[in-house]
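For reference, chains read A, B, C, D, E and F in written order, and residue numbers begin at 1 within each chain.
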Amino acid sequence: MRPSGRALNAMRPIIIETQVTRYAEGSCLIKCGETQVICTATVEERVPPFLKNSGKGWVTAEYGMLPRATHSRMRREAKNGQSGRTQEIQRLIGRSLRAGVDFQALGERQIQIDCDVIQADGGTRCASITGGWVALKLAVQKLMAAGLVKTDPILDHVAAVSCGIYAGQAVVDLDYAEDSEAGTDGNFVMTGRGKLIEVQASAEGATFARSELDALMDLAEAGVSELVEAQKAAVSA
Amino acid sequence: MRPSGRALNAMRPIIIETQVTRYAEGSCLIKCGETQVICTATVEERVPPFLKNSGKGWVTAEYGMLPRATHSRMRREAKNGQSGRTQEIQRLIGRSLRAGVDFQALGERQIQIDCDVIQADGGTRCASITGGWVALKLAVQKLMAAGLVKTDPILDHVAAVSCGIYAGQAVVDLDYAEDSEAGTDGNFVMTGRGKLIEVQASAEGATFARSELDALMDLAEAGVSELVEAQKAAVSA
Amino acid sequence: MRPSGRALNAMRPIIIETQVTRYAEGSCLIKCGETQVICTATVEERVPPFLKNSGKGWVTAEYGMLPRATHSRMRREAKNGQSGRTQEIQRLIGRSLRAGVDFQALGERQIQIDCDVIQADGGTRCASITGGWVALKLAVQKLMAAGLVKTDPILDHVAAVSCGIYAGQAVVDLDYAEDSEAGTDGNFVMTGRGKLIEVQASAEGATFARSELDALMDLAEAGVSELVEAQKAAVSA
Amino acid sequence: MRPSGRALNAMRPIIIETQVTRYAEGSCLIKCGETQVICTATVEERVPPFLKNSGKGWVTAEYGMLPRATHSRMRREAKNGQSGRTQEIQRLIGRSLRAGVDFQALGERQIQIDCDVIQADGGTRCASITGGWVALKLAVQKLMAAGLVKTDPILDHVAAVSCGIYAGQAVVDLDYAEDSEAGTDGNFVMTGRGKLIEVQASAEGATFARSELDALMDLAEAGVSELVEAQKAAVSA
Amino acid sequence: MRPSGRALNAMRPIIIETQVTRYAEGSCLIKCGETQVICTATVEERVPPFLKNSGKGWVTAEYGMLPRATHSRMRREAKNGQSGRTQEIQRLIGRSLRAGVDFQALGERQIQIDCDVIQADGGTRCASITGGWVALKLAVQKLMAAGLVKTDPILDHVAAVSCGIYAGQAVVDLDYAEDSEAGTDGNFVMTGRGKLIEVQASAEGATFARSELDALMDLAEAGVSELVEAQKAAVSA
Amino acid sequence: MRPSGRALNAMRPIIIETQVTRYAEGSCLIKCGETQVICTATVEERVPPFLKNSGKGWVTAEYGMLPRATHSRMRREAKNGQSGRTQEIQRLIGRSLRAGVDFQALGERQIQIDCDVIQADGGTRCASITGGWVALKLAVQKLMAAGLVKTDPILDHVAAVSCGIYAGQAVVDLDYAEDSEAGTDGNFVMTGRGKLIEVQASAEGATFARSELDALMDLAEAGVSELVEAQKAAVSA
């Protein structure tokens, strides 16, 4: 019944290739089906003004898309400025990743996460969070290996999946064909231990019942578990 | 225990004064405690390009704050451009209000909602949605009275309340003192019949459990009911 | 003969409500007929770079309009940047208020005046100057009450009125209906003692004679006297 | 007593060289003492949207300065955007020139005036108006010679001079040394017949009396007469 | 003697993988050593205004870099606008590719080339031209296969290589280590038949003799031949 | 055969008037035929951040055009931002002039070159380089006369000429009529001793052979010699 033929609770194949660029302190290419995002982590020995001399670090994120990552070409944001959607997404990525970090342990430095979508087939913000965490973790491992950080500041995994009501049924990990038709669409960001970081569910054309939100949450919990397993395999490789 | 002395489930006083400006087709000043927002609805006999010749209408929203609406003065966005936060909020307001409108019934015209915060004490985006709906409804009543719209395009009330975990307890309708300290913070947009339009819950410092989200939802349902009563009183006045 | 039925030298009713916001050090809502402007004064313990370590303070102003303050909705400047007209007006407001302040007495701090038009029916720049002075005076009273300023830096009242040639006659305090038809339009900023701070008179469609400018000045002198009385009542309340 | 040794009512030497560029329909280089402005008029067979199909024309103006036209180099506006001051000046130039044009006679076309300051020694906006009128007149002569315009749309000369209170005395045509020290500074735009188009007088540090404004006006009337004579010589050459 | 140990006339390994994205009409990932660029071609059934109703087509290009494509992270242009360097490069890419296209044969449509650098190790603009041509050719093949274009509008190959004077010797295909130290640096764009499209040679610290430019040209001719062979293999695969 | 009737190797008349502005440390008006550029040099006792405390100086350049310097009026860049073309040109001017300066000898100060085109008839970037060098040299002479610089930091002349293939023949110093029709167009920046600083040759419609580039280089060498003679006369005047 789903355009892809997947079961209602079936995630797309998840592939996480690590250290895909020469220069970044941490990096990965995450593929969730046809969605592909390059995530890099850059360690900077400076912090935003409000943290100067606090002894605490920071994590922030930026998000972009290649103009032809999508079915129809989108305007290049470098020429037109970031859209409201882009800003909303990168704020979500940064907020989500920060929820899993001990900034005292990180020390007064910033890790900048860049998520650039190479190909988009739905779920790019969730893939960015899941892949962004891998890049972040790898960069932290490098800081610890170099003795610059003593205690692991990464408190837990952070991963995200989209769920929605498609053709009247709750489904997990929507691709573009489903996303563009879904009546309700939600993004669920969770930790490795199953705690919630961010829940965003939105009616697109039809309102939804609390019982439907519950069904989406059930799917999300199972989906995030799979993503966390893929993260574990990636960072221990 | 709450800074204001309110019970955990106690909303702030809600005051909605209608037709507060001479020119707008619909308008109100909504006060949720010390938070004050002027909401206006402007009817425009044009639609965005993607709706040209579709016979369907549109509702869109913009949000702003007077620079000294806040405790410390904020930079004027007219000089600096809209922040990511502002864009995120106005996208939410527009999306929320659209969920309660039948665009076929509205006909090919646009209603522009402007929400300008005069004084901010927490919950400005929720007050903007609740007050924006009143302005929208009043403008539609005017269109119907003039015979320009035959069937009421307003399908249901749309109202919003914030809930959060403050000092370990679930509380409704956070003021600024609570909002700035809350471990988890959520905005719940619902219809008059209790269906969900948008749920946004976000960990601020501490992750949250699904049971906590459930507690927030319980508070939100009750809170939105009160807001809907206030809307009813306002638009029938 | 005037659209409002007023006599040629009749001002609109002036209402100045003070301390209309919780946070600003000084504030008022000024109503000149249907024109309504919220004016706030923010005290900042810093000065522009050219005054660093001079021992002297500064007063500056910004001006804005709610998009639906006008008969037809105007584009939100936060999305489009400040227009040339807006910049011209806020430069005038700042220049006018500075003419009545002793910056040595104020000490090395800045007072930022914000004038936001809630409803526009002509004369918004004049109302902003008159109301901006009230907000400024109230903020200075607070600084003096706190012992931060010893000598009153407010040298005199500053108030402004528009006058113009409407239907061939000199009239005072033009409303929008007159303003949009006036052949000549002028703004007169004066002190409480009747000295001039700024005179701006401009032909709109027809040039004017020096005798006509004299007639406008006569009206302005009387009009500003009334405004100064209203200011006195407001700040001593 | 004046830095230049001029008498209180002595203008600086006025030189107007016409047709200084190959391409513009009308052009001049105006020199008022050391102030030098290139003014060009461009005829465009289009009008702003609000005049489409009205049969009426338009005149508009833009103003700029070479970065090193001034004593200290100023930032290039092409890199930083036009300042509020620049926008205010070009609005004044356009408004002033329009006051002397019959747009019905001009027909549905626009004349764009560009005023670019090559060297600045005070009075650049006044020189721009006076020189801009010459460029405008020359372009109109060309349109009439070509038979495109039948009735002369130029109703009268438009010229401008600055006057101010320097060292307690009213003086005409301030240079930079005077302008930067003047207590009051005014710009007076007038027609060839001595009617007023725009009066802008502003206190800079000290307020001024109505009698002082009268003295400035007397000086301005005489000064503009001299400028008009120079214009006549230039356009009949 | 070269940091990489390459001979003076040795190119880096060239790898061109085609159709690397799902959506673009033509695409490739070009690797010149460690430099990697994703090139896509988008066919648009519209042309710039100056070609409307001309029967002729157009090719244009945009260029970007992922922020961490470089050794140190660069600021994201979507947040800061395109730099002068970026604009210069994308103008070069477009101009170069257009030199090899018959726009009459292409018909009134535009092909938009996007070159996004994933990893930068010198020579990104040359790799963008060489890879951009492959994407363009593949898109044209698709148009011809669909019968939309009858005569092949691709007149010849277009490829580019950098050459420079490094440590006093002429070398081909500079990597970043050489590029940042080179006394003279040039980019040579040529056709498959060895004709020149663009030559840009620039002194960086030391001027150069005409005989040195000749030596660079010799190296470039050989280098471009190798690139053209790689292009042939790629588009016939 | 050339539109101007010039021989293939004939330059346009070169006129360089020095010290054309009152304020700049060095300045000239350069006329190459009908092309006219005002070049000024401003000495600033500061350097860009990357040279702080290096003991070395810097030269940078900006380029602009009066809107009606061209046959058809161009949009004012102050209102619209600098075009890619403008940025490319000013980068070239700065790079070219820097190639002839010993920054150690200049000391830690910056010389800002401004090139503003008053009238454009082809070759504006080359005239800007040639005239910019004169302004630079004059400013350095002033610094040396004042004893602020001991050793002349100007290593050699820097001048530039355009050459191109017009109607199948190599010609020097293209005017606009030739430039807009040329098949190949190049800019050649050279020193007084005939060394190369920058070579930019570009196919415009037709590719070119290496032998054609050689012919352009021959013409350029002779042309630059003439320009250098004019520079010598100008700076020793």
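Simple rule for what comes next: a residue touches a chain if its C-beta (ideal position, glycine included) is under 8 Å from a C-beta of that chain, and two chains touch if they have at least 3 such contacts.
These numbers were taken from a predicted model, which means no experiment stands behind them.
Visitor: Determine whether chain D and chain F, two copies of the same sequence, contact each other through the same residue numbers or different ones, counting it as same when over half of the numbers at the interface appear on both sides.
Guide: Here the answer is same, because the shared fraction of interface numbers exceeds one half.
Visitor: Write the angle of the rotation needed to overlay chain E on chain F, where the fit uses Cα atoms and the result is rounded to the nearest 5°.
Guide: The two chains, chain E and chain F, differ by a rotation of 180 degrees.
Visitor: Matching A-B on over half of contact pairs, by residue number: which of D-F, C-D or B-C?
Guide: From the options D-F, C-D or B-C, the copy of A-B is C-D.
Visitor: Can you give the whole-Å distance between the Cα centres of chain A and chain D?
Guide: 59
Visitor: Indicate the whole-number Å distance between the mean C-alpha point of chain A and the mean C-alpha point of chain F.
Guide: 51
Visitor: What is the distance, in whole Å, between the centres of chain A and chain E, each centre taken as the mean of its C-alpha atoms?
Guide: Once rounded, the distance between the two centres reads 33 Å.
Visitor: When you check chain C against every other chain, which residues touch at least two of them?
Guide: Not one residue of chain C touches more than one other chain, so the list is empty.
Visitor: Around the ring, starting with chain A and passing to chain B, what order do all the chains come in?
Guide: Starting from chain A with chain B next, the chains run A, B, C, D, F, E.
Visitor: With touch defined as at the start, can you tell me which chain E residues reach chain A in the complex?
Guide: Those in contact with chain A are residues 21-24, 27, 34, 38, 40, 42, 44, 62, 64, 66-71, 73, 76-79, 81-82, 86, 112, 114, 116, 118-119, 121.
Visitor: Which residues of chain C touch chain D in the complex?
Guide: Per the stated touch rule, the residues are 84-85, 87-88, 90-91, 95, 99, 186, 191, 195-203, 205, 207-210, 212-213, 217.
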